[in-house]
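When the chains are written out, they are named A, B, C, D and E in that same order, and each has its own residue count from 1.
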Amino acid sequence: MHQNNNYLVETAAQISGVNPKSCMKCGKCTASCPAFDDMDLSPHMFVSMVEAGRIRELMESTSLWKCLSCFACVERCPRGVEPSTLMEAVRLMVIRKQGGHRISADEIPELLDKRIPQQALTSAFRKYSR
Amino acid sequence: MVFDYYPGCTLKTEARELDEAGRRSAAALGIELQELDAWQCCGAVYPLGRDEIAPRLSSVRALAAARDHRRDLLTLCSACHHVIKRVNHDIRTDEKIRDTANSYMEGEQAYQGETKVVHYLEMLRDTLGFDELKNRIKKPLTGMKIGAYYGCLLLRPGKVMSFDNPENPSIMESFITALGAEPVIYPYRNECCGGYITVKEKDQAARTASRVIDSALEHGADCLITACPLCLYNIDVNGTSSKDLPVYYITQLLAQALDV
Amino acid sequence: MSVDKQPFKPLIAAFCCNWCSYAGADLAGTSRLAYPAEVKIIRVPCSCRVNPLFVLRAFQRGADGVIIAGCHPGDCHYTTGNYYARRRMTLLFSMLDYLGIEKERTKLDWISAAEGVKFATVMNDFSKEIHALGRNTRFGDLRCTTAVAQ
Amino acid sequence: MHNSSCTVKETARKILESGQAERLLGWEQDSSGYNHAPAVFKSAGELDRFIYDRFCGSNLSKLLARLREAEGRTAVLLKACDRESFNLLVREHRIDPEQVHRVDIECSGMVDIEKLRNKGIKGIREITESGDELHISTLYGEKRCRSEEVLLEKCLSCPAVSSADAFDAVGQMEERSSLERYEFWKEALSTCIRCNACRNSCPVCTCEQCIFDNPRSGTAGKASADFFEDQHFHLVRVFHAAGRCTDCGECTRVCPQGIPLYLLNRKVIKDINELYGELSLEDKELGKGALTSFSFQDAHPDIIRKRTGDQ
Amino acid sequence: MQRIGVFVCWCGSNIAAAVDIETVVQAMKSEPGVVYSTDYQYMCSEAGQGKLKDAVKEHGLTGIVICACSPRMHEATFRNAAKAAGVNPYMVEIANIREQCSWIHRDRAEATAKAVVLSRTAVAKVNLNTPLTPGTSDVVKRALVIGGGIAGLQSALDIAEAGYQVDIVEKQPTIGGKMAQLDKTFPTLDCAACILTPKMVDAAQHENIRIYTYSEVEQVSGFVGNFSVRIRGKARSVKADICSGCGLCMEKCPSKKAKDEFNMGLNNRRAIYIPFAQAIPNVPVIDREQCIKFKTGKCGLCARVCPADAVDFEQQDSIIEERYGAVVLATGFHTLSLEHYDEYQYARQPDVITSLELERIMNAAGPTGGKLLRPSNGKAPKSVVFVQCVGSRDTTGCGKTYCSKICCMYTAKHAMLIREKYPEVDVSVFYIDVRTPGKNFDEFYRRAVEDYGVRYIKGMVGKVVPEKGRLLVRGSDLLDDSQVALEADLVVLASAVEADASAKGLATLLTASIDTNNFYTEAHPKLKPVESPTAGVYLSGVCQGPKDIPETVAQASAAAVKVVGLLSKDKLLSNPCIARADELLCSGCSNCEHVCPYGAVSYIEQELRIHGRNQIRRIAKVNEAICQGCGACTVVCTSGAMDLRGFSNSQIMAEVDALCR
């Protein structure tokens, strides 16, 4: 993996199609986030850090794995920034790396209960792995 | 009226009742659902990365098939609806995605976003009409106080889904009214149930689901309805509220009221 | 003004609107920002005053490139003149291109009264393009251009 | 077409007999039989000369502008393609619609005699049709051909009679290299003899005095001494019609040199369609055209430079 | 043939260092029309101008070319010199051989050659120049002010005080505008009505002011100095001249269901009503949509009880036609509808209100008599939460992209007033930025925080959640990087300011331009902020962009000064470099009219003698007082009938020829 920082910023921009510069730091995303309590970096921080080029820190962040992709932040952002799309971009950058998977087939059986819908597993695989 | 119908994976397994009740009800209402041949899983989550083409292809195939049949494409599962509608929007608005996706497609004519994606509820509202639905009800659910649980996927992003007002929706409430029951409006009806997070983060899922349940209970709901198997699962299994709150699929109550 | 055996010296006619681009050219001058002497300016009240006939006339009389410069969209002294100019010139340039006349020979740009640097840059760049293209042979009037050669 | 031909004549007769109009603009039998000329009919009695068949290509609407000064109402027969020019002339106040009795007539496409001849069909006596096939009775017996193959170029842009894409040829021209285009037009336009037929037949060319006829315009010029003059004349002609040309095809039809002028007109129309799309309803109501309106979002002319293709 | 004199200026060494002056002087001598060619160190000096005047006399010059600095520098100087010498000022052309030549080209030969080309281009143009004289037109000494809010009132009062007649047209039944709805004003907290109503009375009583309320401008024609305007006075259904304003009709009216617009719909009013106690005129109006008589034909109670017999159900709209020399646009604003912001529950929860609604609640004449009470249950709130930037600074298309400018200050005002009157109530404000540029503004805001204990939270609200009879306001605190959930009884939304809906239509009528937000565009953003691009039309107040009361009043007075300056003239001189149609060439196609940004082209039916016959033709006529000389019309004119004086087709072509020679 290329370790140049500009490259990381560009990749995040390309994958997400989002311009973090249009963020005006109002915090409506953080105000709306149902996963806030579980996150180490709040959505507005996440956007700010992309803008600041701190992608590597974000790739270590647990917020990546807590975002529900519920799009409340996307819906309410007055600047069209789409924080959750940015999170997804960074998440994809992590899972596309060698060993970046967050779930493996071995774990599955113990995560299952009888009623869990197929949709949940497919979603989880799409979110946690390549 | 004939629709091409895209059921989705979960409707063939865990959420069979969502599908079957939907088909029975549609038949009773004179709506023909023509299941697409050889549909593939939509991928369950919409690929947010602009560079993810492969996960969009199954949606594009379904959309192109419906285009070839000159029919609208009807979906029932919220997740499938979300994915297919958004991919359709991508095809219409993003030249790069359109061109790349089409380069993977067989068939003569490039898919340009011609198909209209319709949710079952939209079909009831726009094709049949809730007034007409009300006339067709055989066993009204009189006395039931039902909370509509929209979740995220049907509503957001509002501009792309253009399903209903994303912050103050009304389609399910009108549906409940048409069934003869009383809709209960509660503030968390459009907040997330926890979604896929349930697979690995049970605590987080429990908290999000419980918030929805508590809110519905506080506003006096007897039960919830949803169009999403994952929502149903999260509310039903992960909720840790004091009181029990049954959750049904929209089509279950519809079939019941239609007596089919 | 002999043509033969000399390096190609193009002729570029620049129609500049009085309020923005002509003032931008003045600012380039005041700031001593050089651009090639082959660029020669004709002052018009507004880019919308530039009749396609003038552009054709310039080519006929031996111009190798024609550029029209006006106020930025939204800044027109006459409010909307440059919007009309934009459409006219787009269609004119397209027709010239369609007739096989090199599309790089025509240009329209927005240069404000404050953009002396931009004026010089645009003219330098345009001149470079014309140098690269060489003499206008596809859309000149031999009767006029031979007069120059004499 | 035979049926509609009779009904058209009948309609003309009724109009003149009832006095709904003082005169009627129609077509009269041409001596050659293949290119009926526009004519004014002042009474029902004069209608013996009247004809409406597959060779009535000419567009009558422009003549209305010339009849502006005439007393009383003039009736005019308008084929689908002529109606747009009629509307333009009304919009530009060249025709007073109050003075016109407008009759929309059916047309299933006009035949280009050259195309018929090129198919080796000569000595034509009568043409009848069935479906999309023409039956031509000639001195040498009965001939048949598909009508779309012998239609006037203008008819190919008429959705009622042709399924061809009128812009195909323009698109192909755009695909060529700049030099190829230059050479194509050099060959095509050099044959121009400046007879002005294209201009004189054009329904949008209704200036009181054309700049090419006005010595004070600085643009006047009759002869084409240099190829520039040919380029110039046709560019200016097309540009003056830009946003107004209705693709009625008269210029191409009348050009004695067979210059494909439609390739120029349709190019402008194609550009306008692609770059600017439909006029806003407001602009339409005001009677504006593509060059008398704009949008804030219009493309910058650099869009032309960005086009692909070898230069 | 012209007799042209060419004067090549050295500009000290500015030109002479790079250009061989003598070569230019000599080259010009062989140009057509040139009878005299010379040079001088400083042409713009007294001596240089003297040289020009002498040469005119000596050589009988009819045209002059100055080869010197930019015409933007000294064109006026040389035109005046020519005029003094008896040559028409428009017979002067400048060749710009300094800014566009000597200053940018190092190579002397190259610069000299270019100077020759530029000079001969100017000569070629002068050969075709014609003497031009500015036109004049009369000025009607009456102004029209559209909008009777504080902006319109101030403009009208200032114009009237200067001694000119003014008419105010107001579409509401009363003047006063938005300011009349306000309770207190920042940063001094004086009562809005106390400072506004005296101005309303002044305007009503001023001998130079006529007020048309419940009226709208319907048609405008004409141009600077002479606009013809048609105003429609909507039928009040009450005869204003005999009504005494006793109010008996309102008391008896049985229709009580109409929303009271003045109180922002927080209570109801009758079908016959006066918007508020100090309304001017103090004459009721019947809301025909609500009136039982108009709806069913039965009732008429108001007419029966009216002691003056003033109620007139048959009353028709009245039409007023008047001429004006100048127009002031003061159409003001309204607040953004919040349909796209349902996360704040405005539509569902009565206790979520807008700031303007709070103004009415706080006002002693408002629906609660000035007591802070919850609209849902009439109880006193314990906690109030304000949300700023609702619909402002929004680029998603749901709201407005701009900052509404006044919200920070009025929110501080509201917060402070609540804390002052009800110290037991908690007040919090969610803000993105607090913007307080203005005299005593920041001090005011800091007082709210420091002296009144208003809690300012930097963050935004994501959702308002009704819970247990209260409102849970879920927001973020960015300085603490946390989510906050405040329990509130009242949530106040600072909804964005937007241009009044009438602005767009009026812009079309007056050919004034509006921006993408429907605010009127000023003629120049810095140097002509109260003029519209259309001569004779001026801008006052929020119709040009969001502003507070002091700014509005300042702009209103500025607009008034411009109007007074215009009306004080008897005649207007106009730029003679304007368009003109050759009537013999014009075919009346209207295309020039379509592109004219000023509406300067109209059409007349004119009898012309053509080829020995008289013909009536439709001919374009350019109004010389309106045309600004852009030339847009000349290019759409295919016959070349429309031409621009001073920049004619033949002049420009001659320049092209000379330049390319």
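As a working rule, contacts are C-beta pairs under 8 Å (C-beta built on N, C-alpha and C of every residue); 3 or more make two chains touch, one makes a residue touch a chain.
Everything numeric here is computed off the predicted structure, so don't read it as measured data.
**Student:** Which chains, if any, touch chain C and chain D both?
**Tutor:** Joint contacts, listed by label: E.
**Student:** If you walk from chain to touching chain, how few steps can bring you from chain A to chain C?
**Tutor:** Tracing touching chains, the least step count from chain A to chain C comes to 2.
**Student:** A-B or D-E: which has the larger count of contacting C-beta pairs?
**Tutor:** A-B
**Student:** In terms of Cα-based centroids, which chain occupies the most central position?
**Tutor:** Chain nearest the overall C-alpha centroid, as shown: E.
**Student:** Just how far, in Å, is the C-alpha centre of chain E from the one of chain A?
**Tutor:** 47
**Student:** Measuring from the mean C-alpha position of chain C to the mean C-alpha position of chain E, what distance in angstrom results?
**Tutor:** That gives a centre separation of 35 Å.
**Student:** When the C-alpha atoms of chain B and chain D are each averaged to a single point, how far apart are the two points in Å?
**Tutor:** A distance of 55 Å separates the two centres.
**Student:** Indicate the residues of chain D shared as contacts by at least two other chains.
**Tutor:** 218-219, 291-292, 296, in rising order.
**Student:** Taking each residue of chain E in turn, which ones touch at least two of the other chains?
**Tutor:** Those would be 343, 396, 463, 595, 636, 649, 653.
**Student:** Can you pull out the residues of chain B that are in contact with at least two other chains?
**Tutor:** Residues 166-167.
**Student:** Per the touch rule above, enumerate the chain pairs that touch, sorted by label.
**Tutor:** Result for touching pairs of chains: A-B, A-E, B-E, C-D, C-E, D-E.
**Student:** Tell me, which parts of chain C touch chain E in their complex?
**Tutor:** 11, 13, 22-23, 25-26, 28-30, 32-35, 37, 40-46, 48-54, 57-58, 61-63, 77-81, 84, 88, 120, 144, 147-148
**Student:** Can you list the residues on chain E that touch chain C in the complex?
**Tutor:** So the residues of chain E in touch with chain C come to 70-72, 96, 98-101, 103-107, 110-111, 113-114, 117-118, 121, 513, 521, 533, 577, 595, 597, 628-632, 634-636, 644, 647, 649, 652-653, 655-657, 659-661.
**Student:** With touch defined as at the start, can you tell me which chain E residues reach chain B in the complex?
**Tutor:** Contact set of chain E toward chain B: 341-343, 345, 347-348, 396-397, 463, 465-468.
**Student:** Within their complex, state which residues of chain D touch chain C.
**Tutor:** Residues in contact with chain C: 173-174, 178-186, 218-219, 225-226, 228-229, 231-232, 235-236, 238-239, 242, 264, 267-268, 271-272, 275-276, 290-292, 294-296, 298-305, 307, 311.
**Student:** With touch defined as at the start, can you tell me which chain B residues reach chain E in the complex?
**Tutor:** 159, 165-168, 185, 187-188, 215, 218
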